[in-house]
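Residue numbering begins at 1 within each chain, and the chains themselves are lettered A, B, C, D and E in the order written.
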Amino acid sequence: QSTVKVGVLHSLTGTMAISEITVANAAQLAIDEINAKGGVLGKKIVVVKEDGASDWPTFATKAEKLLTQDKVATVFGGWTSASRKSMLPVFEKNGGLLFYPVQFEGNECSPNIIYTGAQPNQQALPALEWALSKGYKKIFLLGSDYVYPRTANLILKKHITDMKATLSGEEYVALGGTEFSSVINKIKAAKPDVIINTLNGDSNVSFFKQYQAAGYKASTLPVISFSIAEQEAQAIGTQLLNGQYATWNYFQSLPNPANKKFVAAYQKKHGAGAAITDPMAHAYMDVYLWKAAVEKARSFEPMAVRKAIVGISMDSPLGKITVAPNGSLTQAVYTGISGAGGQFKVVAQSKGVVKPEPYDKLAFPGKTCP
Amino acid sequence: MRPSTSTIAVIAVLIALAFAPLYLGAYPLTLLGRVLALSIASIGVSVVWGRTGILSLGQGLFFGLGGYALAMHLKLVATPKGELPDFMLYNGVEKLPWFWAPFASAPFALAMVLILPAAAAGLVAWLMFRRRITGVYVSIITQALLLAFVTWLNGSQGLTSGTNGITDYQTFLGVGLRGPDVAHGLYWVTLLFVALALGGTAALLRTPFGAILTAIRDNENRTRFLGFNPAAFKIAAFMLGGLLAGVSGALYTLHLGTISPAMIGTAFSIELVVWVALGGRASLIGAAAGLVLGQLAKDRISSAAPDAWLYVMGALFVLVVLVMPQGVAGLIQNRRRPPAPMPAPQNPVAQNPVTREVSDAV
Amino acid sequence: MDFTFISGQLFTGLSVASILLLAALGLALSFGLMRVINMAHGEFLMVGGYLTYLAAQWAGPTLGDAWLWVAFPLAFLGAGLLGAVMEFAVIRRLYGRPLDTLLATFGISLILQQAARQLFGSTGVPVTAPAWLGGALTLGDVTLPFVRLFVIALALIVLAGMWWLLNRSPFGMHVRAVNQNREMAAALGVNTRSLDMLVFSLGAGIAGVAGVGLALIAPVNPTVGAAYIVNAFLVVVVGGVGSVLGAAVAAVLLGFVTALAEGFTSSSLAQAILLVLVVAFLQWKPRGLIPTKSRALEEA
Amino acid sequence: MLKLEGVTAAYGQSPVLFGIDLEVADAEAVTLIGRNGVGKTTLLRTITGLHPVTGGGVRLNGAQVEKEAAFTRARSGLAYVPQGRGLFGHLTVEENLLMGLPALSGRATAKREIPELVYDLFPICRDMAGRRAGNLSGGQQQQVAIGRALVTQPRYLLLDEPTEGIQPSIVQEIEVALTRVRTELRVAVLLVEQYLDFAWSFADRYYVMQKGRVVETGTTADTPTHAVQRYLGV
Amino acid sequence: MPSELPETLLDVRDITVSFDGFKAITNLSLSVPKGSLRVLIGPNGAGKSTLLDTIIGKVRPDTGEVRFAGQVISRLPEHRIAGLGICRKFQAPGVLEGLTVRENLLLTARKDKGVLGILKAPTRAEQERADELLRLTGLTERAGVLAASLAHGEKQWLEIGMVVAADPQLLLLDEPTAGMTAQETAQTAELIHALAGRHTVLVIDHDMHFVELLGAPITVLHQGQVFREGDLETLRADPDVMEIYLGRPRELMAHG
């Protein structure tokens, strides 16, 4: 039987490994499932796994290797926007196709990338609207110092002003930073109603610890997070996170049948306690979307696949998803409250699905995808 | 002067490398080109560390300046007229910052690729060597400055694009950077720069300038009392190292299509030094070869066994230092030459740094 | 800027200083006295942190909050033992070659980080401080978390102990002598090998204790040490290599500068400002606040 | 008795000592002379254990010690005053003297304190007790270095050019002091010296080294200094 | 001062040098005429080396100044002072160990010691000078070996060669015969005689045989001040000098 090669390019080592290994696992799960059912266009999928090593230039190098040496049909990979940005020119130069599964800041529309993670209007803005609807008017923005939080917050700030709410402060801490004394002191002085948190990784644990030591709790100063999913929640622990909020396109607790099946399959392979997150669900679906597009195009050729993928729609663990012409997903948005075992209970959800808008109209008027 | 066997060997290798596009596949060739671009920085490390005894852990700073100088130009070229680079837009920057504006000019940017790193290296060196800061202090300070630079880059996204770095270039001097055909051209240009850097530096070190650097490394005070101003020579050597790092950074940026803080950070700078140590810090060719081979090995091993790679690299660091302090080049040389005398600590007089007479004199 | 904010920042400065000092005190031995540039020093902190986590896991269920008193000796001995092994296997072959030591120990730090990553994963493991450290002292509008006060006290105790050991005990005199002239000390009957090992592992052990302090405040992850190493070296350099008191003053100074800069700018800019200020300070006093004349270091 | 049998030593690959035989009896004073670079310092360092032998044996009180570490040899009664004095420059004079005490570890009989005789022989050890040793002048340092060696209560004292750089009157004092050390403490002395008048007036026997070998030996009483001068010419 | 004697090359005027409050030199003045040979003796710790340190700029006087050929040099950076033509031989040999013997001589023989000047290849004259000094110091056969592998005595000679190669107006020699045999000492004395006249030489030593061979006027320093001046004969007879420095003659002592 003949085969087709695809690349899986995530950080298997370094700081991002914790998040990305499970995302790679989810993609692998989908590939195994597909191979078990006979592959794509009659070909078995062969995975070429590469390690981005949490180092953005390495992502570019490895992408180049996958495209020019292994000649893979497509690549599933990336987490941070920085890694995506550094891979982008490689994909454009070599005419490759990348499936990127993580929520991001928008403002990018490469014909060579399928962005399935949330656009700002599919996570950040719904969360803001929900917060305002709950009566939280004074908003403090806290994030890691890199492009996604900065840009997301830039958009949020425009909308905060637009919605006549108050921005009570904005602080950034270097990626991986663990010292929050000054930030908490500033929060004290600002007296916000709610914190919108775009901190990444371990910084969250330190932040919640120090937030708690300073006498705060969810009932006095709630925090809505965009980068804390089930896995992170488990790591931070119920004791610190209980009652705090997160907004995503997916929670492990979603009751739909496709999700039940996905969770069961993943946990069968990786252990019953394994947490499952939004980026994992996206990565899992990325493979299926690619398969559908290949079959529709009857070709593995990346640009043919890119053309064919638009309009493809399926029932997924995330609910109903459809690929929009700009290469992102039309999908639902959920806000959940953290509870036992790092699971989130949905407390609010979008009315139906939300169309992806890479460029926020308020923050970047007049910009659209080509 | 008759060329030595090692010169002939190096020329032969360079010629063989020049024909690489004929026998290497696309990926190995890009990889080789990239690694060759980096080797220019390692030549600088060899001058600064191997020859002059200054261990800079901040070469990434100068590498980055060269890379960013070129990247800023490429970014402006890729940005439609009258618009701001995309990342500025996303960060709410409304006007092109003043220090960006001149980089629209290619000659200016190219000049800056050379001037910025050399000038920055000169300034850093002047600050340190003027105050006679030496040894590990220099290592710690250069590392701190690099960290400050990287932190600033990360924290000033509106100006620098932060962790993402500057990316997404289209053309350079009118030549498209996305076409598959540019790969060979870029490779040859890189190789030319490597040859120039090697030849030029070697020629420079063959003048008494090279001897002075060695003299300063071995006994700075003595050199001073012979009428030389060690600070001036150290600054010059440091600037040369900075310049080579800058050129390397610019070429590397072209190869990779991006420059970002992660590419120039502490890990990069220390790794650079270690590959130089592996090849042989005192030998230009050893330094360059150590870097090329080390990076190629890294590419291989990290693909085959990602988890093992850090163990391999860590162990390599330790072993090189313990087993072959002069690197591979040192091993080769030792076989040809009678053994060098023991390092100074063996010597009872040098061993005794406390006696005022002795310590102050030397 | 109101009074509450300013006093809050002053306390922040002290907190930061206490962590910096704990991280730097071990270095004051290995770097300050032995002139060993141990880039893996941060990993001793990391080891101390993970051992704290393990102590909480193992002893927590049986001992309750008293697990913390198990964590201290465990972290001290565990990191100290690792230090002894490292000294025996690598460092002792490199005395007098500080720059080479720097490279070799950097290699070791890579290995230790990767090992930690494989054992514990890349995300930090959280340690829950004992309940009696959970509260905070409230003075007017300023809250001083007990955890922070505890770490400050810890730093002061370790500082006092080290000062006494080095300046008032015969052990300290031997250490200083060996590090000025190792051969002569041996010729006078000092077992320099075991003394070296002892001093190095003591420095490692102190870093392990610092790891306990860190774990109480932030999660322990494989790169937690790397995050502190540069600043810890700067504390030693600004204080004056070889001077324990200098390190203490430098830590406080750096802590306040950080808190001040963070108060008025952003935290990532504050770090850049701090680093540049340190370099500027070294222009003024290249040998630090309390200089010890030391040639060995410059001859590197 | 201190006895060397066919000692060889090298720096890296280059040999410097080629089979040295030499002996110093208890309470005997022996001088070792030779041109610059013939290996005198190296020889003393192999005796103390600071430099490894590549062959041959060193016996101390009958025991083979050539494999022992320097500190154990010091503890069995070997003291060394190196060329360049080897004081701990940052330590005070008194601390330098105290640094002689570790050599007494494991010796039950010894009292762990600075013997009064040291102050008696070298009064500056008391006068300058609190000063940093590194700031003393050369002659003062030399006296402290010998004093420190005596704190170890040695049976054998190895001295490497103790008169180098010392003013004439102090050279005389050192000679007086060393003579007392020999006679009162019955310490054997092996003295490396260029200053022949001094060496001859102090020592009972001499060895002459040339290019890493002992080429002549005899008693100082029977050999006038001019008879060995030829070994020292250029 | 306009009344300065024209032939004075080195003029130390009323300098005081102290370390942490301890005065190593107190109001010391000393002048050395051009082309002369001068010997400096005095007890250990008298301040002889400190005086040389002050002249070459290694330590700075608290008060007073050092003039060289009429110019105040006590505030110039070290390499500038050296550039004016003052060269010191330290007691511990300070050869450049990573360079060959010949390179050591070539470098010191250079006239232009600036960063740009150094790029030029050594001139014919410099090469010849180096070769001549190799002969003079008996190191011709060792010309190509690294200075590190020289024996102590060879290093001493090389350093003397370097000092001469620099062709300084003023040569400062701090205990040049330390560790030398009697015969080497005599050769050194001869060499110094050959240098004096063309160069001005200031020698410190504790070896009275050597001082005798030099046969030059002697200055005795004591406690940071000039204690006596005169020739060896007179000083040997001076009970104060005996007391502080020379001690009793050996013949007498042996029986004491």
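In the analysis below, contacts are C-beta pairs under 8 Å (C-beta built on N, C-alpha and C of every residue); 3 or more make two chains touch, one makes a residue touch a chain.
If you want to know which protein each chain is, UniProt gives these names: B = Urea ABC transporter permease subunit UrtC; C = Urea ABC transporter permease subunit UrtB; D = Urea ABC transporter ATP-binding subunit UrtE; E = Urea ABC transporter ATP-binding protein UrtD.
Treat the numbers as computed from the prediction; the structure is a model and nothing was measured.
Chemist: Enter the minimum step count from chain A to chain B; a value of 1 means the two chains touch.
Modeler: The least step count works out to 1.
Chemist: From chain D, which chain is the farthest off, judged by mean CA positions?
Modeler: Taking each chain's C-alpha mean as its centre, the farthest from chain D is A.
Chemist: Going by C-alpha centroids, which chain is farthest from chain C? Tell me that one.
Modeler: Farthest from chain C by mean C-alpha position: E.
Chemist: Please tell me the distance, in whole Å, between the geometric centres of chain B and chain C computed from their C-alpha atoms.
Modeler: Measuring from centre to centre gives 31 Å for this pair.
Chemist: Counting in whole Å, what is the centre-to-centre distance of chain A and chain D, each centre being its mean C-alpha position?
Modeler: Computed value for the inter-centroid distance: 76 Å.
Chemist: Report, in whole Å, the distance between the mean C-alpha point of chain A and the mean C-alpha point of chain C.
Modeler: About 37 Å, centre to centre.
Chemist: By the touch rule stated above, which residues of chain E touch at least two different other chains?
Modeler: 91-92, 149
Chemist: When you check chain B against every other chain, which residues touch at least two of them?
Modeler: In chain B, 151, 154-155, 307, 310, 340-341, 344, 348-349, 352-354, 357-359 touch at least two other chains.
Chemist: Tell me, which residues of chain C touch at least two other chains?
Modeler: 114, 180-181, 183-184, 266, 268, 271
Chemist: Give the list of chain C residues in touch with chain B in this complex.
Modeler: It is residues 35, 37, 90, 93-104, 106-111, 113-114, 118, 180-181, 183-184, 230, 233-234, 237, 266, 268-269, 271-272, 275-276, 278-279, 282-283, 286, 295-300 of chain C that touch chain B.
Chemist: What part of chain B is in contact with chain A in the complex they form?
Modeler: Interface residues on the chain B side: 25-28, 30-31, 34, 86-87, 89-92, 151, 154-155, 157, 161-165, 167-169, 177-180, 256-258, 260, 262-263, 299, 302-303, 306-307, 309-310.
Chemist: Under the definition above, what is the set of chain B residues touching chain E in their complex?
Modeler: Chain B residues touching chain E: 204, 207-209, 211-212, 214-215, 217-219, 221-230, 232-233, 236, 340-341, 344, 349, 357-358, 360-362.
Chemist: Within the complex, which stretch of chain A touches chain C?
Modeler: Checking each residue of chain A against chain C gives 13-18, 145, 171-174, 176-179, 181-183, 185-186, 188-189, 201-202, 205-206, 209-210, 213-215, 232, 235-237, 239-240.
Chemist: Over in the complex, which chain D residues touch chain E? Could you list them?
Modeler: 14, 35-37, 83-84, 135-140, 161, 164-173, 175, 194, 196-197, 201, 229, 232-234
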